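Note that the chains are named A, B and C in the order they appear, and that numbering of residues resets to 1 at the start of each chain.
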Amino acid sequence: MMARPHLSLGDATVFVLVALILAAAVFGNLLAPEATFSSDIGNAFLPPDAQHWLGTDSQGRDVLWRVIAGAAPSLLSSMLVVTIYSLIGVVVATLATVVPRWLDEGLMRGTEIGLALPGVIVAMGFASAMGPSLASAVIAMSITGWPITARLLRSITRQTMVAPYVQGAQVMGVSRFRLMTRHVLPNSLDVLIIKWSGDVSITILVLGGLSFVGVGAQPPSAEWGAMISDARSYVSTAWWTAAAPGAAIALTAVSFSLLGDILQRRLGGAGASGGARS
Amino acid sequence: MKPLLEVRALTIDVPKGEGWMRVVDGVDFSIGAGERVALVGESGSGKSMTARALMRLDDALRIGGAIRFAGEEVLGCTEAEMRALRGSGIGMVFQDPMASLDPFMRVGDQVAEVLRIRGVGRAEAHARAVAILAELGVRDAASRSGAYPHEFSGGMRQRVVLAMALVAGPKLLVADEPTTALDARIQQQVLDLIDDAAADRGLGVLLITHNLGIVAGFADRVLVMYSGRIVEEGPVEQIFAAPAHPYTRGLIAAVPRADMRVDRLPPIDGAPPSPARRPSGCAFHPRCPVRLPVCVMTAPQLRPSGGGSVACHLAAAEEAMA
Amino acid sequence: MTGLAVTDLCKSYPAAGGGRREVLKGVSLRIDKGECVGLIGESGSGKSTLIRCALGLEKPDSGRVDYEGSFVHEATGPDLLLFRREVQIVFQDPFASLNPRMTVEELVGEGLLVHRIEPSRARRRACVAELLGRVGLEADAMHRYPRAFSGGQRQRIAIARALAVSPRILVCDEPVSALDVSVQAQVINLLADMRSALGLGILFVAHDIGVVRYLCDSVLVLAEGRVVEEGPTETVFGDPQHDYTRALMAAAPVPDPAEAKARRALRRQQREAARGSEP
């Protein structure tokens, strides 16, 4: 039996961080006190102290609680975006793998056109057409993100298709559907799991950026980009109002990026059919 | 006379999880000047690890015992002394020539580089590189030395690697599965090249292989390795004509011959064990057709038998009876 | 007409520097049920392309592949299904030929499932156990994944998987060359046993003359896309007619030190003579 690699301190730290951030995203809104979402102008701009660990913002709301509550719109929306476009990518790549070559070519030309559309520009277009909101940013990012995934997966399924076990299944008369679902995809999707984590990291930055420039989540949402946008006028007097959500974005992006690296290390090669003789 | 290479009680451990795993467990052998020795073994036998240990190519290995080359202790060498030893003392050829070659460097430069780092001038290094490539059968060596590795076929690449191993004038050539990936005709050509080069230079050769067939025509002496130990050693004629260890006997009988028809191949049951799960006593006992009760308990020592030596309880008992 | 017949197969691929490289230049061969045909070829001889065309994985430029009287590359419906069931393959590298994400039970039972031979899961499991026993593996192997097995055991699993659908023809593409020497004979003997027990036709593709001479009734020697010599195994190897066959025979290692060293000395003389004759 092959021994699993030991859990190093660094890896464990990343897992704990990701778990904490996910917990904040899922339970943050439920746990946050009522005051997190209502204004109390009398207590505005209190610097960090024992009661408000990260101070209060322009509306007198506790910054730490807002950052925790903001995990939901910031992280869950990013995960939603990446999950949607990954699924679209899987469907497109799977189709391209099973259809005749000319249609495969056509689909891949289509993805090249898709590649040329920058998500940020499309998001701005959506914002002006539908009105700026987190939903319009999520839709725009979801429908522009898939081409890279589709192309990556197509190049992997191309390799998997010529693996001897896939050819053997073809010789055995396995249907195309079964060939894809039992043989090709299970041995091709490892990379997507790794990519998913890295993409969440990037998408958090982009969605935060969109909110910051005003085409994503709108105040009073606790979305981190929106919080920074809201705080930018007071940076010189109340730096914590911008620094806290900024740090949250950075920490989350780095955590998911590192998670991707760890998955790469642990999953990478698991599906590969190596095994050299000495 | 002192042997060229002397290996005593060699043990090699590789890191595994928190601890170490023993892959070579007490190996003794020596190679005289100009002698050809074949080290034969299957996967997990530790034969390639032994080769890596000789050259200290892998810092992750824990090596115990003694390796003396030309009277000098290799395991005590500094890294600088090791660099001098590789190439001008011991030349090395590996299974995959592409892994030994820099894909972005002209082959002539790669061969010359071996001399350049030993302080030979540019023009002279280049001339000697071209000369040795020509000697090893690279046609138009002067112009072909300007080509890149990918422009060469597998057999030609192996010639370049051989040139790199030989150009600094070593006393011993270690060839680790040098022909495994090649077709039979190319395999024979490369072995003949090693044969010629070794004969012309009076070179000692350690040929490491899983293929007993290529050993018969090449080696003077054969070491048979199984699960980290040498189980039999002797002159090549004796190994093939009268193998004393059941494993050696099984190996020779299990290979179908190209030059005659055999009716039934007697297979060896089971598979070679991985170092992580080495059987108790004699490591071969689970597969052995003539196992004795003692074989399960204690590992047999390598003792003299005929012109060689064998590590087998049964062989020892038969010797004692006779 | 029975068995698998390849007639005058040609196949070329686009070459790197423009134009086309002819890989197969009119190859014909035929395997009947119960017959073992060896195909000897070095790398670049076109044997892989031949196998892919013969199995219907690739379309030849010209020529035809027939199975049981129907043209494989145009077969549809029941004819194709029959071909996909009765002609199976065992690959060289048992580490790459078994889907790492499937258990041995799923791997061996897949053919029974897709050809609806044994749709019930319980009956299929019993079948798989029987097949594993036939190739010399324990029945409880079925719950594990391929990575838990050694090379020789994996090749047994691959053979059990192919045999599950009761094929008539088994194409073996270098099935033992990736295995440890002491394990090769086990797999070769297993194939020989299966052939006599099941009346299997075997196309045994290899570069190793010894294995082919041991196992096959007749042999074809493939070189640069052409069959250069063919006939009964003992006739071809006992008295090779083509220079290429002779060269292959001469290059095959001989496990007899006296004979091998005599040959080596002879080759050395020839090389020296050749060197002396050069200007």
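Descriptive notes on the structure:
Everything that follows uses one rule, which is that a contact is a pair of C-beta atoms (placed from the backbone, for glycine too) under 8 Å apart; a residue touches a chain by one contact, two chains touch by 3 or more.
The structure presented is a predicted model; accordingly, all values stated were derived computationally and were not measured.
Compared with chain A, the chain whose C-alpha mean position is the greatest distance off is B. When every pair of chains is scored by its C-beta contact pairs, the maximum goes to B-C. Between chain A and chain C, the centres computed from C-alpha atoms are 47 Å apart. Averaging C-alpha coordinates per chain places the centre of chain B 31 Å away from that of chain C.
With centres taken as mean Cα positions, chain B sits 51 Å from chain A. Annotation for chain B: residues 43, 210 touch two or more other chains. Residue positions of chain C with contacts to 2 or more other chains are 151, 180. Residue positions 277 of chain A each touch two or more of the other chains.
In the complex of the two chains, the chain A residues touching chain C come out as 1-2, 163-175, 178, 182-183, 186-187, 270-271, 273-275, 277.
For chain C in complex with chain B, the residues that touch the partner chain are 42-43, 150-153, 180-186, 188-189, 207-211, 213-215, 234, 237, 247-261, 263-264, 267-268, 271. By the touch criterion given at the top, residues 42-43, 183-185, 187-188, 192, 195-196, 199, 210-214, 216-218, 236-237, 240-241, 247, 250-252, 254-259, 261-262, 264-269, 271-272, 287 of chain B touch chain C in their complex. Contact residues on chain C toward chain A in their complex (touch as defined above): 52, 55-57, 80-81, 84-85, 87-89, 91-93, 95-102, 110-111, 114-115, 147-148, 151, 158, 161, 165, 178, 180.
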